[in-house]
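You will see two complexes here that share chain A, one where it goes with chain B and one where it goes with chain C.
Right after this comes the complex of A and B.
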């Protein structure tokens, strides 16, 4: 899973670079607009190490933001699973807020909180929270009738059991959504760093952008891609192990 | 005396005009192993679900339970959660004081070697037996078995029905099955649901209510079967 993720990223990345070089060749653009391979390699040699640590810095925000989102999404999703008025109210709010581009709120957050770690974390969490919430709400509010019937009719149903049944029956769906949300969290963190931050790969890309240095941006994109591929691959492997462990060993 | 009386029950699913039950009147006058019999789509399962959860459904007519406090409804497509083995699941849902009964039922239902397996690893007949056993070990007055023995081989099905009749003589069972011979032989009162071109029809026929396989009078069973077929 992990290697497949990296392999897929490398394919896409090098296809993109090849496309750029083809455009450069066809239109006859200078190295200033689209750098050639030697320049990209030279820039990579100079900046790769620094960018790697910048991506790790962004990854910290991503992971923390994702964890906060997952906890929040499950808490609200479980509370909103019932067809009571509270459940309907939570669902209505979630669907409506989800329809709004949260990233547009980023400037307000920076005006109120300034640069730094907290605004980045907040934006990363917010961007991956709503898609996660909708998936969790969808799973938690869909009864698994053929399993739940017995517990309901015999009066043995408890909310913890209901949540466990629904989570277990939709384990692969939840795992996919959680690992997919890593990309969203990282996108949120990078966007936050673009707008106003003093650290992270988004901040470095912003500087490269001001310098119109596409080679630096390409190296930064490579670092982001590799790191997020490894992180997603690890998440997928972990979720696969958890699914197997829950399905095979627990409860005996 | 345990008693179930339904008068003029008319029921349609919400949002439809189609009457699933149309002026159904029937009585089950004593505990025992009774049956609902009829072709597919005449409202057997709908009636069963109505009985099991009166508060959730809106219907016309009157359903009266006497000495029936707890109604359970089991059906053949139910599943057990997949995170534990069938045996572990049974342990969790069965009260300690019913341990001896559980062991007896497990032996009769031929489930001992399967208790370590996950539900999805079992055949459909095995799944239905596990499902039925957990219902039999709950507290109930009326247990509805909606095709709960589907996919179980005939010999074992017969043994299970006879066991239920022997162990739970004071309980009421309502067995929904498409097996005419089995219903005629082992059931007490048989509610026959018809749904021909002239509309819905309902009747009650006395089954042979045999309590052992040796006591079966083939001639009388044939007569009951004929009576049921004519009642459609």
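Right after this comes the complex of A and C.
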């Protein structure tokens, strides 16, 4: 799974670069608009090491942000699964927060939390959590009638059991959404760094954009792609193992 | 299979569009600004509003600028014919093989300056920057200019507190940072006004006062355009210069403000008037539009020293005669 993720990324990346180079060649563009291969390599030689550590810095925020958003999404999803007033109120809050553009909320976040690690983490979590929430709400709001019916008529149904049944029956779906949310957490962390931080790959991309340096941006995108492919590949492998282990323990 | 053909067709169309775009129709010219419609582009708005281009026999569409908009790239891609770019953009582009020519220089004084409260003593010597907290946009022009000022003042970076600037002014307003970079004729006016309302006065640190003349925005076009359509370039330049000159004339102030108000969606009449006055000071009155060759050469030297470019581009060869 891990290697498949990496070579799939490399295929997409080099297809993209080839497309750009084709346009450069056909239209006769300078290195300012689309950098040529020698410039890309020269830039990679100068920046790859620094950008690699920048991406690792961003990855720290990504992993933590993803964990927070998973916890948040499950908390809100479980609390909001009922069609009660409280449930619909929680859903309304969750939807509204998502509707506000992060750029508009950012100044408030920075006034309250300063500009450092915490605001990056918060923004990464905010961007990552909503798709997770939708999936969790979908799973938690859908009764597994065959199984739940038994516990209901025997009077043993509790909310913890209901959550367990619904999560277990949709384990594959939840695992896919959680591993897929890694890219969203990474995107969230990069957006946060782009807006305000003074560290991470989003910050480096912002500097490169100030300098209209597409070669640097291409190197940064390569580093982001490689690291997120590895991270996502590891998450998928882990989720496969967990699913297998659960299947064995349940006797399926 | 059919889907693949459609995708291939779309890609081919996009490439053809790019290629075709480079053959700009001289009768329908486009002019890409560097920033949004406000008082800092008063002359450009005035030119369109008062029909300067039409009188010169040109049909020009002015396109608003903004973050992510790059006139040099658009000129090379054939998406625009004329544009506004900062000196560092021009020099970087030339280093990477772009062929752009500077037609005239809008600002004789760079609007990029630093604002500070008058509770600080007036900065008359660069040595006074020692120990101060200074805002810098890493990767931006202000970083290059401030580095040059510090080097000129013999101040090691460890002797000042550098603060990474982002898009809002909170660190300056909350006094976390003492000296903050602003565009003198836009944000500078707004901040000054806001602080004055709170009973605070401000001053501006102008790098030119300390011998650092880093050129700001200029009107550019492609070398190809100058070679193939010199008449159009000449007419465009003459019309735009005349519009800028008239827009900056005190006698036309009300008319200019009305033109800006019609375009600036966030127009605040009092602020716009102050911004226009500040813009007038920066464009100069005697030498309006002239290219400060020495300043361009100094800008290139600064960029070389700061390793913003790796090789000289001989900028003087790309300044329109």
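As a convention for this text, the second predicted complex is superposed on the first by the 230 of 252 C-alpha atoms of A that agree within 3 Å, B and C clash if a C-alpha of one lies under 4 Å from a C-alpha of the other, contacts with A are read in each partner's own complex, and residues count from 1 in each chain.
To be clear about the criterion, contacts are C-beta pairs under 8 Å (C-beta built on N, C-alpha and C of every residue); 3 or more make two chains touch, one makes a residue touch a chain.
Every value quoted in this text rests on a predicted model; they were computed, and no experiment measured them.
Bringing the complexes onto one copy of chain A puts chain B beside chain C with no clash. Once the two complexes are overlaid on the shared chain, A:246 sits against chain B while remaining clear of chain C.
Legend: residue contacts after superposition of the two complexes on their common chain; A:31 is shown touching chain C, with no touch to chain B.
Looking at the superposition, the partner that touches the larger set of chain A residues, chain B or chain C, turns out to be C. Annotation: apex chain A, arms to chain B and chain C, angle 150° (C-alpha centres, rounded to a multiple of 10). With both structures placed on the common chain, the touch criterion links A:165 to chain B but leaves chain C unconnected.
In the superposition on chain A, A:150 makes contact with chain B only, not with chain C. With chain A used as the common frame, chain B approaches chain C to a shortest CA-CA distance of 40 Å. Comparing which residues of chain A touch chain B with which touch chain C, the overlap is empty. Of all residues in chain B, those touching chain A in their complex are 52-53, 72-75, 77-85, 88-89, 93, 116, 118, 131, 134-135, 138. Residue ranges of chain A in contact with chain C, taken from their complex: 19, 22-23, 26-27, 29-33, 35, 39, 106-107, 110-111, 115, 195-196, 198, 203, 206-213. Note for the complex: chain A touches chain B at residues 146-147, 149-150, 153-154, 156, 164-165, 168-169, 246-247, 250-252. Against chain A, the residues of chain C that register as touching in their complex are 11, 15, 18-19, 22, 68, 70, 72-73, 76-77, 89, 92-93, 95-99, 137-140, 164, 166-168, 170, 308.
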